[in-house]
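Next come two complexes built around chain A: one with chain B, the other with chain C.
Take a look at the complex of A and B:
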């Protein structure tokens, strides 16, 4: 790896891919990115002229599910992404080199492509105990991350770990696992959340950056708008059942067999921004809701800390083990109602007593106050 | 029969004279209209909102034959946006209406008498004093409650519009204006929870509000419920507050 001067097109042709296949690939990619009619031409033009972008792929606290997802990309094939589109100079999980040789690549890339390479981070650095909970190449991962980010062009935060913290950052977060954007503050960061993100979303982001030489447009939370601007619920094929009021009430009921909406079973589709219901998984085969299970909201911040995956209403931990907004609200309303009933009872007794006293005649011994509010 | 029309006072008076009571016109027509429209909208919003969080039992049959959840959500969105429109109109009226129409939108924090009044009203509710004071507008404690409720309505309107904007898409004006709510709370699920808790806070407010209005209507020296219908505050006694 590491031949950074070749253009994409040269690499592609060298691999024996015909021009016809190359143009097909450009068209497919343009379509999957939702680009206009000239998109395919632009992609072809870019791939023919631009040198491949060097990518450093680092792994912090994570489970490698992002990599597992990435290597299953169908459009574009991950083969095309890794071998033709980017120059994946370092990825300690899948690279051939190991040990000092592998680590040397990091320094080489830093010097050779200063400010030009992309740092893709899978997982996050734990900050507790000076980063001791994640040692990579003999030193804390957080140090390595900061060092590599310093000379990078941009940082891609792969998955929920790098974007939000995911399970290792769930309460009480003993290792103080911290998302990338809380550690690296001086570089543009693209968050590609998901546990894992959809393969085509990952390769789509990479394709966009290599094609246009800039980062995709990001939303308020730093996610690429093209994949994270709509909720799963908005494009869910079970949405008509939701609007009709047809819900699965039990996992084994008739409604479940008929494929009704999983809203009552705690599906997080209505609050989750992801392309699952349009792009789907494993080459468009299926996605969780299609398989009969609700969305767990894995692209959302803090999805591990928002209670059960199977409750519609969020568990609010501050108020006890099994409380949600309705239980808290009804309890408070009940307490207030009881207090008011007691208050009314005291008021009645008091005013009856007062009426008896009033026959004797009395007044209140208070200070004068004629002012009215206004 | 024409003489009867000229009789002063109540027709069935048995030689009694009706007391002459002091009345002040407090709540102008737009304020009263807003109050009752608001009440209606809030009831609608609470019921439909609850049903969105915990939907009715599943409907059977073809999905195309029913639009139950759709109608419930439509009612919620329509009522919510009407609430905002009426709130804006009410805000406008605070500028052009009488001085009482402005009361619930600010707190006279520098007024020592007002602070004393809060304490006094608290004592009244804790049965520590025998009579409440007379006020043309809201008493200071009610004033605080109303002002807080206005802030609270603002939160419900902003969070509601933010949640609504999710369906409209992130390129909608609703998202551009209210999307900041997602930066604060910080995601859709949390905002849903806060909005839901807000519903219960409104239920609590309504319970306290109705109790206080009924109680003061009976016990205090001024009219309450009828004032929000006729607009006139009627003072039942002209006893001054000096010790006797």
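Take a look at the complex of A and C:
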């Protein structure tokens, strides 16, 4: 139980942050909220004394990778997040209670914390078969989801499932798995996509809300700008190799061993908005590209249906690092269209391999956009 | 039905009071269980219902087989990676792709890391609260707790002050009234038997394990780029190795290898100084709780895993045991052949799917799946408000896989029983030592506690195997071999027009198989038969019951309104429901039956 009933202030003090820094933090927060010096005092007071925000964490059709990712958080440690910063009153994956005792918590939270709790949703509701492809407490999950959303303060959509639909919504989506913003219409929804999202991104979003008492700034697609406003490619440490035309041509070749760019191996970093190349994974140890595999684009809407993960992106126009999330919305839609057109035809990889053979295995690194979608 | 005997030898009686647990929590996915208890509150009938279906395999049809690992990996984020490994093995089997030795070694390291991680997280964060009463820890004497901890282990976090601080924080936490995940738990339930000191020690280790689990997975991050859901590759592994050449900092290099090595050392230490001593200490207070054996004393199965040699999946190469035991005959371990259409078959008589002839089972290569949700005439409630299912009709989204017609249990206990029966010292000796230390006969293994103990023993075994394979990788690099991928058949143009293959692993929860058919470079059929499908299956056409249902029978409940005993036994299987519910038809007919939007 580590930190017991510690408030946010006690937690940061225990973690070595001085009173002075804390006060400064509160002033900056107040300034950014436009509250002035009195606001700073109020924020400090709130952080020092307020009870933990109740969080109801529900699971629809999913694989639990979001929960697994969440518990990997290194800063804050998940025990501090769960035991000191929020009150995780319901989460079927880790809660002690089951059956009736678990169900009772949902009802109690709705009544006792009406309009004050955060609903965190992992997975999504299937709408086919009257919702009975996902049964919870003997009835459709989608009903419980809507009920709990009704009295919540705000909703967090964890991962690609809740945000976009993810793998069970990939074509032909047999259960009609549906992103939660299609069934919850009247609450603010923060989408934290990824399969799963990075642990520290997840705890970062939660602690932002509990710390600042407001929702993070979102882009047009509903994602927090602080983590999703730049592409992996923009901050990739292999970017200089892309710019220099130095590419991995096949797995485990000399270029792979030198850590060259994975663009030709199908890397989706250039069109994927995520903090992978900056925050990195599991306490900053690595991220997919650093460990030799291209990005599969798992934070992007519909990434399962954009052709093979090994198909080379064909539509990027070397857009600059300054492009923002709002601009890319349209660009991504273009990529999806092209990839779907390619889907029924011969795979890109096949024609790529053929071309390589024709060229004696020597691709032209300086022209990454040299081919059509196949 | 009131009183019947199943073909696999269990008595079922549904005359008594019906108790429903839904949702079953502290598992992966959605599960419902209904039991009937007699006048003495002893369970006489058990009905396990998988309550979710995602259709991943339908979605795989027509896609690039080299992508299948990523789709199937998302079947489960708890046993993350094991489906991906099974998938690349199935594709490689179909296309006759040979992987380099280093790739086999690194895959084993990934898989063994999962075993240790998953077992530790299961024991402390999903299962412990079935044995450990958190509230009781408040009345522990920190000094006595320290004495207890130091008497069973050299683990350094064991001083009286350490436990006192923890208890103070725990007290503040409980007094806050915001109990978070511990709210509405079964604290004070008479089935809890640990003294306060053992409870306090276990709470400390619950939190320590929570801290440590995030570090263990860094091995996946190094070789696979992230966790959960690291990256894999048909033909090898995606991470290139470059220990001392130009650009080594961009690949798996000395610093990365050292990080892996140091984490392995910590995993060995944690399993030996925390996990196993805790298991033994807790078990010593529950020796009288002998329930939950179910199928384990008669029918168990393991496919085997962790090949010593690349591309050799024979029983001789596999370091985890392979085989089947039937009728409790430990003198004979039967061979398993996943390609034999008469061995592994799935039935749907009691599942929410339709077959042309539901008296027959189908081998996964020829699987047919048409979702068909309906409740039987004896069910209670409505289609969207289930009060009680009718187990004589269809009642689960899980199919019923059978081995030559037999329901079998899979998982760590099955593996240990088979290894024991095969007289493999690495499995038999630690098992015998643990039993001897606890003063228990070998038959005590066939229980809920046996399942939980086998998992702990296996975590220790896996931690040492990690050390072995990391050393093997270093030896290979020393000898000048740093190959990690074979790209000869990367291009679909090199593939035959039509092939089929099967891949298997031992997931933490048990035997896992993927069957694939590839036609014209695309997936034509894909089927996964997973551990929880075996363990959590509904009844088969003959009425044989699966492992979950069998294990709950004859268990006395102190209070049927507080289903602690049910949770305890179900959790001992480490259920994974997202894994267990799946589908793909041979001819794709179901696609026209399901309305999409």
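What we mean here is this: the second predicted complex is superposed on the first by the 266 of 374 C-alpha atoms of A that agree within 3 Å, B and C clash if a C-alpha of one lies under 4 Å from a C-alpha of the other, contacts with A are read in each partner's own complex, and residues count from 1 in each chain.
What we mean here is this: contacts are C-beta pairs under 8 Å (C-beta built on N, C-alpha and C of every residue); 3 or more make two chains touch, one makes a residue touch a chain.
Please read all numbers here as calculations on a predicted model, not as lab measurements.
S.K.: Have a look and say if chain B or chain C is in touch with more residues of chain A.
M.R.: Tallying touched residues of chain A, the top partner is C.
S.K.: In the superposed arrangement, which partner chain does A:91 touch: chain B (first), chain C (second), both, or neither?
M.R.: second
S.K.: Figure out whether A:168 sits in contact with chain B (first) or chain C (second), or with both, or with neither.
M.R.: second
S.K.: Applying the touch criterion given at the start, work out whether A:231 contacts chain B, chain C, both or neither, answering first, second, both or neither.
M.R.: After superposition on chain A, A:231 lies in contact with chain B alone.
S.K.: Could you list which residues of chain A make contact with chain B in one structure and with chain C in the other?
M.R.: 260, 347, 350, 354
S.K.: In the complex, go through chain A and note every residue touching chain B.
M.R.: Residues 219-221, 225, 229-231, 234, 240-249, 255, 260, 263-264, 268, 270-273, 297, 300-303, 306, 312-314, 316, 324-326, 328-330, 332-333, 336-337, 340, 343-344, 346-347, 350-351, 354, 363-374.
S.K.: Within their complex, state which residues of chain A touch chain C.
M.R.: Residues in contact with chain C: 1-6, 51-52, 54, 59, 61-69, 71-74, 77-79, 82-83, 86-105, 126, 128-141, 143, 166-168, 170-177, 195-196, 199, 238, 250-252, 256-260, 276, 281-283, 285-293, 296, 298, 304, 308-310, 347, 349-350, 353-354.
S.K.: Would you mind writing out the residues of chain B in touch with chain A in their complex?
M.R.: Interface residues on the chain B side: 50, 53-60, 63-70, 72, 99-100, 103, 108, 113-114, 116-117, 120, 125, 127, 129-131, 133-140, 143, 166-167, 169-171, 179, 182-183, 186-190, 192-193, 196-197, 199-201, 203-204, 207-208, 211, 215, 219, 239-244.
S.K.: So in the complex, which bits of chain C are touching chain A?
M.R.: Listed in rising order, the residues of chain C that touch chain A are 20-30, 32, 49, 51-56, 58-59, 63-64, 66-67, 70-71, 74-78, 80, 121, 125-126, 129, 134, 166, 168-176, 178-186, 203, 207, 210-211, 213-215, 217-218, 220-231, 233, 235-242, 245-252, 259, 371, 373, 381, 383-387, 397, 482-485, 487, 490-493, 521, 561-563, 567, 578, 583, 590-591, 594-597.
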